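First up is the structure itself, then whatever we jot down about it.
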Amino acid sequence: MGLGIELRNRIAKRASEEIKNGMVVNLGIGIPSLVPNFLSANLNVMFHAENGILGMGPSPEKGEEDENLCNAGGFPITLISAGSYCDSCTSFGMIRRGRVDLTILGSLQVSEKGDLANWIVPGKKIPGMGGAMELAQKAKKVIVVMNHCDKNGEPKIVSDCTLPLTSSGCVHMIITEMGVFEIKESRLWLMELFHPFEINDIFAKTGCEVQIDSTLRKLYD
Amino acid sequence: MGLGIELRNRIAKRASEEIKNGMVVNLGIGIPSLVPNFLSANLNVMFHAENGILGMGPSPEKGEEDENLCNAGGFPITLISAGSYCDSCTSFGMIRRGRVDLTILGSLQVSEKGDLANWIVPGKKIPGMGGAMELAQKAKKVIVVMNHCDKNGEPKIVSDCTLPLTSSGCVHMIITEMGVFEIKESRLWLMELFHPFEINDIFAKTGCEVQIDSTLRKLYD
Amino acid sequence: MDNPHGKVTTIEKVREFFVDGMTLMFGGFGGVGSPPTIIDCILKKGVRDLTLIGNDTGFPHIGIGKLVSNERAKKVIASHIGSNPVAGRLMTEGKLEVEFSPQGILAERIRAGGVGIPAILSDIGMDNELVAKNKPSFLLNGKNYLVETALTANVSIVFAKKADTYGNVIYDKSARNTNPLVAMAGDLTIVEAEEIVPAGNLDPDEIVTPGVFVDYVVRSEGVSWKWAWELN
Amino acid sequence: MDNPHGKVTTIEKVREFFVDGMTLMFGGFGGVGSPPTIIDCILKKGVRDLTLIGNDTGFPHIGIGKLVSNERAKKVIASHIGSNPVAGRLMTEGKLEVEFSPQGILAERIRAGGVGIPAILSDIGMDNELVAKNKPSFLLNGKNYLVETALTANVSIVFAKKADTYGNVIYDKSARNTNPLVAMAGDLTIVEAEEIVPAGNLDPDEIVTPGVFVDYVVRSEGVSWKWAWELN
């Protein structure tokens, strides 16, 4: 039971506001891949892919695909002006050196301490961590975009993750269909509340204490 | 008191015979730099330089120098067909990975165990090891070309080096104006004797036991 | 074309280098940049019990995935097998051993093998059991790091846009990925090139993999699979 | 020319980044590939007590040698100072601390800093006191290795053939040498380019240093010294 496209787009649109001019950004699959649709055209942003691309552009028209120009998921993309190709060592060198400003990724669980668990579903096959650990540990800012609850209605934001961690203490911000949260000093702060939810909804659907930031904004767009 | 050009050329010519078709070769300064003069033109040899050149060709004509195309000593060279440029990491990667087949270098002392001492003269300033240690330790074959004795007439081939080592047990062959030696199982073997020297001259001028190889050749060219 | 270094050869000639039980390292990322002609050659020869080292296991019918799905590997060292469900099934069934390494660290381990460095230190996945288990650690300046060892292989297979007769190589766009690293890490390295050109035809500043790392060059017969994005 | 990323600037503007006591990493090998305009800028500003990191100390009047001969450095980390006798004299007089690192290992230490790896293991110079002293060692598979730590710097200065306005860089022939490594290792990286071109003018396959590692680009005023080989 995923979110409808409208709520997914709301999350992606809000995430897009975190992207500033000049940033280098790595996007995960799922909701994060919707983020570029909401970016202002006059921003200079370089999208980074683990497989050695800096400066990814939109998907090509059908029939215009280049089999040697694909994103980390194996799907055709394009390259923008000033983009470049590199080997996998250099690609991850950018991440570990702190030159990737922001990563936006999905998750299975996030704890109030910023622990990220987004790579193993117990009982399912283990797919491998891919580049998730490097991105989670070393991107300058980590934003998680996800459904507020899992398909059983259980909170995905929790005191302690019960799923295997990808990386501990790495998440800075969480955006769900209910609102925007920041993790500051190992506590979860509600920064923005989305229509039609109320603070009590947040309390009911979140698996840890929620602090209400003094600057809390209620957004009824 | 170095050797005259005739003896230096004899050493270089003999060393050139160790270069086989297809080899990747790194040459030190001094006598080693004379080696290419004696190479057969139909050999495919790639000369390697530490500063990121594979496929060095001869010096350019005066006036044809390119300030951005110099050898590791800072002097202008040319590039042969199929040559390439790379960064210093890749250049030394070639050495450490065992892709450099042969290095020919000068030395201050060599021991019968193949220890190489070619980088510090006590009482003089320490210049730094440059790339000598990597080449000595990791080139597939290390040939030392040098005067048989130092300027005081003291043997440079010794039981144990008294000078600080560049690398231990790395030398395979020594070529001096007196003959050709191989180091096998930590013993020094005389393989070739050059005119006008006799075996007794070798014994007199060498600071360690000399084994006479059963295939010893006396060369009176 | 002149073949002065004897490196340009045929797929039939390199066939002998692929043998049961060998360690095989491959370039490519999700199949992009994996050498199709060499992979088909290994598959057709019936080689078994391979230890495969590379970024991922491709898709079941794409790239190195073809070898995995046909149960030719006993072990894989990779960062991800999610796009190849057959790999996951074989792992669950105990027919395939999988060693996972974080993607960038795997690339560095391959590079380390390629440039003759025995190991690197890393803090990636430090507190993750799957990454850290059985790995030594080292305390440096008060912080603990994993010791991540170099990877090499009996044979490396590489996919290139162009190779010259000395084995100098350039790559095409994102098909570069792990290829330049894999090219250095093989005890024997075979390049499959879309185009083979005479020595001197590549700009020496543009060459990504110097020919010194390359033992053989064969011509690619082109991709023999349908890409995932072509199937819809 | 458009300057959409704000990286293209003047030598006057980058002057502020060079301050007393800083760590400065420089590209170049025997002066070839060292950025003359930036070096002259640092010299003219009168910056002192530098810690310099790079392959060598150039010649007394060439490359980084100009800073060394003018006693602007308190410490140098390099593989070689033999071509700059002033460096040797200052070392002997106790005015210059010199840390020697084998050339290829120095390059790897700079690269490690550049790609966020804390250290590598190495067996180069293992039994040499000058290399091994004060360095930790680590026993791996029964063999002992030195732990060679990564190097970074407050500022890296780099010499390029061409840079575009995003800071993507290509190098010229052997002037590449340590530059691509140094470019990654600076907390702030400034490229001096012989030519600056609009974004999109460099072939994306040909780019050696992606602009993500580069903070500023300035135009080179050309080499301000006579090369050793020009003096005869």
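In this document, chain identifiers A, B, C and D correspond to the written order of the chains, with residue numbering beginning at 1 in each.
As a convention for this text, a residue touches a chain if its C-beta (ideal position, glycine included) is under 8 Å from a C-beta of that chain, and two chains touch if they have at least 3 such contacts.
These figures come from a predicted structure and were not determined experimentally.
Enquirer: Select the chain at the greatest separation from subunit C, using centres from the mean of Cα atoms.
Expert: Farthest chain from subunit C, going by C-alpha centroids: B.
Enquirer: Using the touch rule from the top, work out which pair, B-D or A-D, shares more C-beta pairs.
Expert: Answer to which pair has more contacts is B-D.
Enquirer: Which integer distance in Å separates the CA centroid of subunit A from that of subunit B?
Expert: 57
Enquirer: At what distance in angstrom does the C-alpha mean of subunit D lie from that of subunit B?
Expert: The computed centroid separation for subunit B versus subunit D comes out at 30 Å.
Enquirer: Between subunit B and subunit C, what's the gap in Å when you average each chain's C-alpha atoms?
Expert: So the centroids are 36 Å from each other.
Enquirer: Multi-chain contacts only, two chains or more: what residues does subunit A have there?
Expert: Only 79, 85-86, 89, 92-93, 95-96, 138 qualify.
Enquirer: By residue number and range, which residues of subunit C touch two or more other chains?
Expert: In subunit C, residues 108, 115, 117, 123, 171-173, 176, 204-205 touch at least two other chains, as defined above.
Enquirer: What's the contact topology between the chains, one of line, ring, star, complete, other?
Expert: other
Enquirer: Let me know each pair of chains that touch one another.
Expert: Once each pair is checked, the touching ones are A-C, A-D, B-C, B-D, C-D.
Enquirer: In the complex of these two chains, what residues of subunit A are touching subunit D?
Expert: Against subunit D, the touching part of subunit A is residues 22, 24, 44, 46, 48, 54-55, 79, 81-86, 89-90, 92-100, 138.
Enquirer: Provide the residue numbers of subunit D that touch subunit B in the complex, in ascending order.
Expert: 29-33, 55-56, 59, 78-83, 85, 88-89, 91-92, 98, 100, 102-105, 107-108, 111, 123-125, 127-131, 161, 171-181, 208, 223, 227-229
Enquirer: Would you mind writing out the residues of subunit D in touch with subunit A in their complex?
Expert: It is residues 4-6, 114-117, 164-166, 168, 184, 199-200, 202, 204-205, 207, 210-213 of subunit D that touch subunit A.
Enquirer: For subunit C, which residues are in contact with subunit D within the complex?
Expert: Residues of subunit C touching subunit D: 108, 112, 115, 117-123, 136, 138, 140, 143, 145, 147, 149, 170-173, 176, 204-206.
Enquirer: Show me the residue ranges of subunit A that touch subunit C in the complex, using the header's touch definition.
Expert: It is residues 49-53, 65-76, 79, 85-89, 91-93, 95-96, 125-131, 133-134, 137-138, 164-168 of subunit A that touch subunit C.
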